[in-house]
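This report concerns only the one structure given below.
Letters A, B, C and D mark the chains as written, and numbering starts fresh at 1 in each.
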Amino acid sequence: MSTNAGPARDFVGYGRRPPKVVWPDGALVAVNLVMCYEEGSEYSLLEGDGRQDGWGEYPMELPVSQGRDLGTETHFEYGSRVGVWRLARLYDSLGVPVTVSATAVALDRNPEVAAWMREQGHDLLGHGYRWLEQWLMSRDEERRWIQDAIDTFERVYGERPLGWNSRTQPGVNTRELLVDAGFLYDSDSANDDIPYFVDVNRKQLLVVPYSKTFNDSRYLIAPGYSSPRDFAEHCQLGLDYLLDEAQDTGVGRMMTVAVHARWTGQPNRAAGLREFIEHGLSRPGVRFMRRLDIARWWLDHHGEF
Amino acid sequence: MSTNAGPARDFVGYGRRPPKVVWPDGALVAVNLVMCYEEGSEYSLLEGDGRQDGWGEYPMELPVSQGRDLGTETHFEYGSRVGVWRLARLYDSLGVPVTVSATAVALDRNPEVAAWMREQGHDLLGHGYRWLEQWLMSRDEERRWIQDAIDTFERVYGERPLGWNSRTQPGVNTRELLVDAGFLYDSDSANDDIPYFVDVNRKQLLVVPYSKTFNDSRYLIAPGYSSPRDFAEHCQLGLDYLLDEAQDTGVGRMMTVAVHARWTGQPNRAAGLREFIEHGLSRPGVRFMRRLDIARWWLDHHGEF
Amino acid sequence: MSTNAGPARDFVGYGRRPPKVVWPDGALVAVNLVMCYEEGSEYSLLEGDGRQDGWGEYPMELPVSQGRDLGTETHFEYGSRVGVWRLARLYDSLGVPVTVSATAVALDRNPEVAAWMREQGHDLLGHGYRWLEQWLMSRDEERRWIQDAIDTFERVYGERPLGWNSRTQPGVNTRELLVDAGFLYDSDSANDDIPYFVDVNRKQLLVVPYSKTFNDSRYLIAPGYSSPRDFAEHCQLGLDYLLDEAQDTGVGRMMTVAVHARWTGQPNRAAGLREFIEHGLSRPGVRFMRRLDIARWWLDHHGEF
Amino acid sequence: MSTNAGPARDFVGYGRRPPKVVWPDGALVAVNLVMCYEEGSEYSLLEGDGRQDGWGEYPMELPVSQGRDLGTETHFEYGSRVGVWRLARLYDSLGVPVTVSATAVALDRNPEVAAWMREQGHDLLGHGYRWLEQWLMSRDEERRWIQDAIDTFERVYGERPLGWNSRTQPGVNTRELLVDAGFLYDSDSANDDIPYFVDVNRKQLLVVPYSKTFNDSRYLIAPGYSSPRDFAEHCQLGLDYLLDEAQDTGVGRMMTVAVHARWTGQPNRAAGLREFIEHGLSRPGVRFMRRLDIARWWLDHHGEF
């Protein structure tokens, strides 16, 4: 495969003076809370993957030659047994919607999570069939894999996802495959604060940008958070800055805050997340929105951007 | 060895609504303090291991070709000469029980520690014969090794351990060997907040889950604590969150806080631990319990879970 | 190439009692704010470089064999699409000048940035033709490369740079090539607080020292900042200490604070930078100066040092 | 060389109840401030070492194949040109003695530092002839190397060192060589809080333990300090804990706080050190002492331990 296949790059975007953005009820900043739910779909010797994940509680991957890493396996299990429910209670008790970025297999292994999403009206962001490195697949392999995800989500959750976020990064074919598979929006890019459109084979695809900055992965990637208060501080400083900016410039902003069930599902880290959400709820001009609602709002109000 | 040998995985556990948990005197959260005591049993050229540990004060392992790492050796010695006594004084002066997660050889090399445990009634968690990577052993080798540990503990401490926690992670045979060797509970899993039972060759084994989150290993694993106050903050945020949760849901919780003699035995870090324990003592609903007492309480009151 | 080619080392410098330094209006500390702008000029498979950069949001470089790293690519794009304008608004709204350490290609790919620099009177520090490892080039290759940078800057920005800062570190020929190419000053050294002169082939070259300590690279290099407040704290502690020192010793000081569009251009980190700048503006004795103005002032007032 | 050559290990030390320690004027904790001064003696291609150090401002070592790392070279130079004088002014203005842990070559390259030490009465701790990995030398090589250090110190500083601290860690022969060379004490061990004696070929050698915990190396080793306030906090928590402990147990303590000219010589980090020293000066029971004075006091008052 040619190394220059894939999407063209755009270093300019909206440029110095982005167009005016409106949000429902005149909100200044739309905050999308994402809960990543991957547990049970990670690389695993039990699945015959020939490798096993190390992103449980520490960023260390055990060599295959040493056999199963039962310690890390249990860190993943913490996410689906305990963490997801702690976060579910948190979101629901504060009355904020959450976008669940789930792999199909993770939901399939714990259908009660899918049931809760439907019960509470939380939306789904497709995060893979399993939690694998999608950018390493061939085009055909990736196409089938996305379709497997869609089919499984329909079976387990009752609906297909309309947005997509790949593990770590997408491949050069991903965007085209998403358009082919009828996705409404792509969330694999982290190059902007607000949504925008890209041309994919002469079709317009909406990109709702993701964030690795407001992301609990920094509990595992150094330099990272020394304490959950650091996570909260990152998010609060960011939200307040965006609010000031939206006020000053008249340009509405968007903010994505993503956490993982097995990491922020630990009680100390859930406390950090709670601190941020409570802060957001206390600030006028902030509106917590599902990702799907942001996408639809943008299509309805900013289709011309 | 087949890569899929070993325990089956469970991604559901207690699920969305765990059963009601009761603790002595109606406590909401049972806190188990663990002090890891491994000094003198780590990988060492002097012992003919063909490698030497690097987890003294920095996470760096010196290549064998460079000979003994006398610097790291002294960091380990700090734990047994100084750190263990500083922590002993701290626990005892605050009147909290501690579970000593010791290797047999470490106690054998400093029997005064075993004497103190008996004198003060602190309990023992088996942490290996030596501080080695148990998951790399053959089944027979591991069986003999666990037995060596039991024998040595009986000689030095006067009792065998009834619970077990492997260095880093267990192997695929560990649980079966623990059942064969008559252990009351296993603490190698970190997949839950509260104890539960697993089936091991048609016998029920109690699992009292461990924690790598509330663990001073993050003084050496990046991203980690920038200051001992970060350790205290992690623990306090976690405990307070669990208390809130237990109050709200009526489901009692458990919390394990594990530290190492050579790391938290340093005075600055002991200050962080003291801060947490004093915080816990000040919060109604918290009960500090030995791990063995938690196991026995669970067997007596929650045998049906 | 001989390994001892290149500039001689000087471990003494101004020594124990540096000469009296004066700044405009009797300021005690001259603070130079640098914004690094490299986006679109980093190592990229699309450019045929045979490798791709990993310094987007995480310090991880994807192997070429895995193809384009579209995730990291978008982190870089964030800098030029969003980050640079956020920082531009910040500097301008606070009325402080900024030195843009840009690569020629980055400006060429987003000429609106060059236009803003001219409009607001911010100065340029040459940071390479592209953001490449200049120290690995042959002398001739490096000479042409510097000339390409000059030519491109003249075309896009309307002026050539008069100072230079290489990516990571310079090569053994860099200083001679800078003198040959008519540069006024070199900023590749971090060995002093204040400017000084070096002999390069019997010509005097002014060195305006750079800083990797007051630098947002520590958001990616561990150990680093746990929160943007740590960045602000580093800078504020440093500035206040220099102010005290300048007061006590009568020797004026200089401080460089460098940030990157794609890192500190994120809103949480922009908040940390704003905190520092506002702190500096509130302290008597601090003067924010462009790097070029510092160089010219030094040549005019301290040519004898 | 046999891998079990070298000093025997002692995991017991003073044990549970250390003997009563007295310090001058009844102080509870003797604090020894160490300033490491190595600049100009590190691994360098210019010196023909075949490698170059990477411990300037970042912990990264440039491969020899890439030639001189002029960036890191200037970070080292910062230490001798600027950092050492900033720290010198700090110690002297606060009136506290400092132990300079210097290599002979570093002093030789900046004799003004040696002159300042004599002028202010600060003592010397031998830290190598150059800043090299002493544990990799043969016994004869190491013996000559220590003698070279002694000779150079006598020439530059006017006196030989009476104590020794090796870079990173000592070798298996170091202690015997120190005894042969007439050293009064060894500071290569970090296994205790207070001095003790060891038997070396039937001679008693005093060990004055060192600390890698209260050490600014954690500005470069992850997990480390996020801000200089973390350094100060580590030290203050440690000192206060030792004071409490000395009060409670009647056993005096000792604390070593070591910093490097090129790291803590930066103004932000000097602020963190100043914060700690001012804290220590404000606490009754603390006495700042030179390392040599601690060694002599111990020999005079605790020769029997």
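Simple rule for what comes next: a contact is a pair of C-beta atoms (placed from the backbone, for glycine too) under 8 Å apart; a residue touches a chain by one contact, two chains touch by 3 or more.
From a predicted model like this one, the values you see are computed outputs, not experimental measurements.
J.: If more than half of the interface residue numbers appear on both sides, call it same; otherwise different. Which is it for chain A and chain C?
T.: Copies use mostly different positions to touch.
J.: Go ahead and align chain C to its copy chain D using Cα positions, then give the rotation in degrees, nearest 5.
T.: Rounded to 5 degrees, the superposing rotation is 90 degrees.
J.: Measuring between mean CA coordinates, which chain is farthest from chain B?
T.: Looking at centroid distances, C is the chain farthest away.
J.: Centre to centre, by mean C-alpha position, how many angstrom separate chain A and chain C?
T.: 34
J.: Return the distance between the CA-based centres of chain A and chain D, expressed in whole Å.
T.: Those two chain centres are 48 Å apart.
J.: Residues touching two or more other chains, restricted to chain B: which are they?
T.: Residues 221-227 of chain B each touch two or more of the other chains.
J.: Tell me, which parts of chain C touch chain A in their complex?
T.: Chain C reaches chain A through residues 39-40, 45-46, 48, 57-58, 62, 64, 66-78, 80-82, 85-86, 88-89, 93, 106, 109-110, 112, 116, 218-229, 266-268, 270-272, 274.
J.: In the complex formed with chain D, which residues of chain A make contact?
T.: Contacts found on chain A: 222-223, 226.
J.: List the residues on chain D that touch chain B in their complex, please.
T.: Residue positions touching the partner: 1, 3-7, 9-16, 135-136, 168-172, 174, 188-193, 209, 212-214, 221-227, 230, 233-235, 237-242, 245, 248-249, 253, 255.
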